[in-house]
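Think of it as A, B, C and D in the order they're written, each chain with its own count starting at 1.
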Amino acid sequence: MVGGGEGAFIGAVHRMAARLDDHYELVAGALASDPEKAVRSGLASGLNPARTYTDFHAMALAEAAREDGIEVVAIVTPNHLHAAVATAFLNAGIHVICDKPLANSVADAKRLQKLAAKRGLIFAVTYNYTGYPMVRQARQMVREGKLGDIRVVQVEYPQDWLSEALEGTGQKQADWRTDPARAGAGGCIGDIGSHAYQLAEFITGLQVSELCAELSSFVQGRRLDDNAQVMLRFADGARGHESTKSARGAEMTKSARGNELTKSARGALWASQVASGNENNLRIRIYGSRGGVEWRQEHPNQLLWSPLNQATQIMARATAGASSDAARVTRIPAGHPEGYVEAFATLYGDIALAIRHARSVKSSKAKTPPKLDPTVQFPTVADGVRGVAFIQAVVRSSARGGRWVRVVNG
Amino acid sequence: MVGGGEGAFIGAVHRMAARLDDHYELVAGALASDPEKAVRSGLASGLNPARTYTDFHAMALAEAAREDGIEVVAIVTPNHLHAAVATAFLNAGIHVICDKPLANSVADAKRLQKLAAKRGLIFAVTYNYTGYPMVRQARQMVREGKLGDIRVVQVEYPQDWLSEALEGTGQKQADWRTDPARAGAGGCIGDIGSHAYQLAEFITGLQVSELCAELSSFVQGRRLDDNAQVMLRFADGARGHESTKSARGAEMTKSARGNELTKSARGALWASQVASGNENNLRIRIYGSRGGVEWRQEHPNQLLWSPLNQATQIMARATAGASSDAARVTRIPAGHPEGYVEAFATLYGDIALAIRHARSVKSSKAKTPPKLDPTVQFPTVADGVRGVAFIQAVVRSSARGGRWVRVVNG
Amino acid sequence: MVGGGEGAFIGAVHRMAARLDDHYELVAGALASDPEKAVRSGLASGLNPARTYTDFHAMALAEAAREDGIEVVAIVTPNHLHAAVATAFLNAGIHVICDKPLANSVADAKRLQKLAAKRGLIFAVTYNYTGYPMVRQARQMVREGKLGDIRVVQVEYPQDWLSEALEGTGQKQADWRTDPARAGAGGCIGDIGSHAYQLAEFITGLQVSELCAELSSFVQGRRLDDNAQVMLRFADGARGHESTKSARGAEMTKSARGNELTKSARGALWASQVASGNENNLRIRIYGSRGGVEWRQEHPNQLLWSPLNQATQIMARATAGASSDAARVTRIPAGHPEGYVEAFATLYGDIALAIRHARSVKSSKAKTPPKLDPTVQFPTVADGVRGVAFIQAVVRSSARGGRWVRVVNG
Amino acid sequence: MVGGGEGAFIGAVHRMAARLDDHYELVAGALASDPEKAVRSGLASGLNPARTYTDFHAMALAEAAREDGIEVVAIVTPNHLHAAVATAFLNAGIHVICDKPLANSVADAKRLQKLAAKRGLIFAVTYNYTGYPMVRQARQMVREGKLGDIRVVQVEYPQDWLSEALEGTGQKQADWRTDPARAGAGGCIGDIGSHAYQLAEFITGLQVSELCAELSSFVQGRRLDDNAQVMLRFADGARGHESTKSARGAEMTKSARGNELTKSARGALWASQVASGNENNLRIRIYGSRGGVEWRQEHPNQLLWSPLNQATQIMARATAGASSDAARVTRIPAGHPEGYVEAFATLYGDIALAIRHARSVKSSKAKTPPKLDPTVQFPTVADGVRGVAFIQAVVRSSARGGRWVRVVNG
């Protein structure tokens, strides 16, 4: 692990997630750049002092050189360091699990994508909400056509913890997350808006092609946005998870009286850190021609499913209403809630399956190497690139006074 | 009453609303333009055949001529007739209660506004959601500064009843509400988006100055929009219900590091008729510097109040948590839900108080005429004008590909 | 109307309910026994002073003598007067609508039942929660066998308004409802527990045969119970709304290993007036061999339906999920909430249909008189008798230290 | 670990709980009594084969003899084995973590209590719902007097998984949990009713003194109860967590008119396995003279708090509304839900703190040994004894036809 020393939030979550299902052992780390803190944090995490590093370059080299060196690194530093750290470990031939956003520029992100491809390494980006069973169920339902053609996507991620100038108080999280030098060009939009965006694309299988955004900063002295409104146009291909040649193509004529039929999905995204009463209220609603779904992160074990002209159903994790994708990543019986750590651990679990698969492919002498279960899934460096492109597009649109811009990947 | 004959929905609601608190007696009507249907509908409503008209002009003249002529007319026709009918009754010296949207053009709406002012008549527009006690409470809380400076307004009104081409089936409501000739330039945005907009302005006391919109039509053959996304900028004057010279003015400098402080409230509005699983899911959330509120029309007896850095409270109608404005318009004890008809009746009740007050002013010989309770409130022709201007602005913005436009009143 | 003068709560509700659907006209009343107050209340209700009485005997006689005399009386006095007033009007040949509980003794209640039968008059008891559309839907679902054999009924009615000694403060409602002389032997159990009980029997079509109860009084100085726990055994005939010869009879053997199969439904009832945070939180859950339903009075437009081994469905008033019984008594579209007054008005509407039917039967010369729509339904004097028997049984059981007792009708 | 081999549910949960916070290492186990299965399960859990046992006696002896022997054993077998296994490990001087119910007779349970006391060992019973932060908050609020004198406790634990004769299908969980030989005398009441009971006592700090119960078996062939209704009388001492000399004593006179003031809290408990639509719907509501709280296990991060005559507040984990007891056992920020495994892990964490404390006391040479943080808490063998006594009392009461019986500890 790189980052995640004392006082960090997300590093501890990664460690719990890695531990929960017993797929990983934490054996080495550069948990902080300050040597003393690095050592202290390493000890607290039970690391062998010999494998407690203060420099990630040194760690990449040293671990690559060991016979029992790490197989995968988790990068949980502030955003501005992601690219450099990931580069070092990819170059050392080590798989990467990296926090989001992947980098502070699309160019950096794409370089990582190329490097990972070149080295044939797994590169996961922890858009962790994709680990929730009912999110996977929603994705499967879209993929199977249960919702029909996707029409409208409403996604939002309001919080309230930055309603006041917390960054002036020495609170570590507030400090770096509102600092352009460390967080990047997006404040609220980068920290949480990018999660909302990725979730929308993950479930629908559609890509946002254009957007129109307005970023605001409501708190005196704030250096980044703390509220973001975005309108979204999705690329053609209205039923998610399919080729862009939509089955709907034939219909896409003008309607009888001249109103133009809308050709692809539309949506809105709202992210805020100044919405009093909202903790981590990520919520997504997706409406298609055959029905709609709604999911809320704060009550993640349920998925509302509203088939057209029928009563809304409360689909619940681990019940008869759960889909096969959801069932595969369920640990405990229905009604015993699984939460945030479990969803995070599910990503770690699927990444572990992919790493084991990569191992077995490497060592296999069979003509047709073993196949990975196709329901194993996690966001990869490609999603990471899209996430950065999204943030950049939002910032660009807002800077132009709220003009429509394209989301450009490179 | 004009309009509201057989098969109509809103006419019956107006009649129940008028009856509930026993302030009105329905004595005359032009319930339909088809003579036979007008008579049949009049009989069904218990009207004296002598006061059952088939022509609203005739009705206005005849009733104005009677000593026991009607004191106020309720106009519940399709939208395109509102202006002509209202004009006839204003000219006859009769107060008007008119359904929304007020007219199909801003010019028509403003003509009504001038005429009503000239004749000194009451002109109410039934944006009926303003009659809910907890909506009034939210408005009062903003007015009293409980929310501080308003920052973000999220309002939405999704339905699902037009997810398919219902207008082709002969369903009367679908037929006229999707017909540009009768409904006007806005489909979904006119029918329900305008309610959402008005609610946002009613509660916050702020006015939308600019907006950026995208209208969509997802159903083959639909002639008007069935989904609308709108981003909103509110005019300066961040604390609602106050003069535009905001107390916040002094702060509105650039922040230390160059990010510009957002000077006024921002928001988003979503209206849809193709969102499966939504019945009349009007919902508004308003966040200010001191707290936020949330209200849902489908569970209207509660208001969520989230004071900054404190637990969210469930304020309920007719409990200790209810404000004075809410308490005044409450009929029955807490926990016995009041619904849509009651809220509508509250508008009718406040309009009745205003009419009685107008009577007493007329007949008063005192130097200082009696005052109307300042908490008596209902949307007037001015709100009607704003509502039309909003619809026009949305249509204009969308037609230009989603450009920011000003909401112009005249 | 008898009772319901100034300061009364339920009288005003009855009047709104009668007005809402325009089936009734209030033309005469003995609204209070105090002459001055009776006159004042009559005027406020728009009564002709000639038909404003201070004595219900006088009213019954006078109205019976008039050609345009009242057709039906609504009795909304405190409980102890119900029997005497109802007797007077029945003897005068006038239909009766009476508030619950019907009387303060089973004997009195049964006398009313006999008298009404003898006179061939309609006698409705306003267990008003039976007027909610989704309650009727639940009843219909049980009747149609959707729930299978009923096993468990959990019903509760908590309030909090008597958490302190409100009766000492001069509050009129608290005063009489906690006074044994006027309220009868049951406090909380009579006022609200009886509603919960009746609702359970109404929906299931089953009758409680035995119960075991504990009444408590938690507030110093309180003279009646303010909290009631009751365990219920229902009579045999596990599928509601059927003869007692249950289809399940054959199964009712001992099970293989000696445990005895439970032969009929079981349940629990909780009523409280000291449960802080509860307004009128009447809630019922019914579980059968094929599924369960849940309904809450504070959000009455939804009914949760959980078919065995399937996802729970949110059935909503006026949607595709609504049953025929529910649809018949629905006024406005889905998502526009109907509330307490509407449900009350539905009872009044069905009673009006019954009265009109009685009229048409009387005047009909046909061999087979016209039939009343079998879905017209309202609690009658028989339900009133059962309600009184229930209260008496609870009081008896509690007085014996919580022994099982039979619910005896007479 | 003893028990918890292949196909078991709760063993896997214990292992996740032990791992999550990194306080435990699983090093030895008798995971199954079948040798082959024991070995297979041990391997799957990463155990050293040398410490994989097939006999718990052998394991206790062997581990006690090793220098690096286990410090604590987790017992997760079916209920009937708990006592024998626990006895073996206590005799070997090893701390015990045991699943509930502790034993199948009060006598057995008390023997364990005495043995643990004699050996000075920690004995935790995993009533795991006590690990939820908001449960701890509720307990703290009662202890601090926020609720005033406790009056009413409503607790329920409905499930639906045994609505049909699942035990006939070979499902392992259904098989043993409905078998008197392995589950004990209580089916539903032992499996889940005992959790509900313990939760009520844990939060209120009160003890149930008497109860009246009815057990039912609704499914043909079922050998134990699948539904339980229980009425509860709590022992005197109305404010929880205090001595039995209640401050309220003085008030406990007859009230003016002869109604007796209720001297202690009353309650009801419902547990069911045949309530369609309920997964693990454990829910508790507690009402005192100053306010009420409500908590639901399926949405465990919120606690509803209804102070008398004020609006209900939604207290949420890790927000400003969280109490110190809740805050101590919170891992991740507000709005990121913690679930069942986390709560279970919190018990494991507190037990670890107690074990470490016991170690430090043992090795301390100070006059006053170090103190354990008084907010460290977990159910002990004493709670286990009470849990068994409760089950026995319910069975006894029901067997007598629903008579009130005392809950006798020994």
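Details
Here is the rule we go by: contacts are C-beta pairs under 8 Å (C-beta built on N, C-alpha and C of every residue); 3 or more make two chains touch, one makes a residue touch a chain.
These figures come from a predicted structure and were not determined experimentally.
Using CA-based centroids throughout, the chain positioned farthest away from chain D is B.
Both copies, chain A and chain B, contribute mostly matching positions to the interface they share, with over half of the numbers common to the two. Distance between chain A and chain D, defined via averaged C-alpha coordinates, is recorded as 37 Å.
Taking each chain's centre as the mean of its C-alpha atoms, chain C lies 41 Å from chain D. Chain A and chain C have centres, each the mean of its CA atoms, that are 54 Å apart. Shown for chain D are the residues in touch with two or more other chains, namely 278, 309, 312, 316, 319. Contacts from chain B toward chain C in the complex involve residues 9, 12-13, 15-16, 19-22, 46, 159, 161, 278-281, 297-301, 316, 318-319, 331-342. Taken in their complex, chain D has these residues touching chain B: 305, 309-316, 319-321. Those residues of chain D whose C-beta lies close enough to touch chain C in the complex are 151-152, 154, 156, 160, 163-164, 180, 212, 214, 216-218, 220-225, 227, 229, 231, 233, 251, 255-262, 266-268, 270, 272, 274-278, 285, 287-292, 294, 304, 306-309, 312, 401-402, 404.
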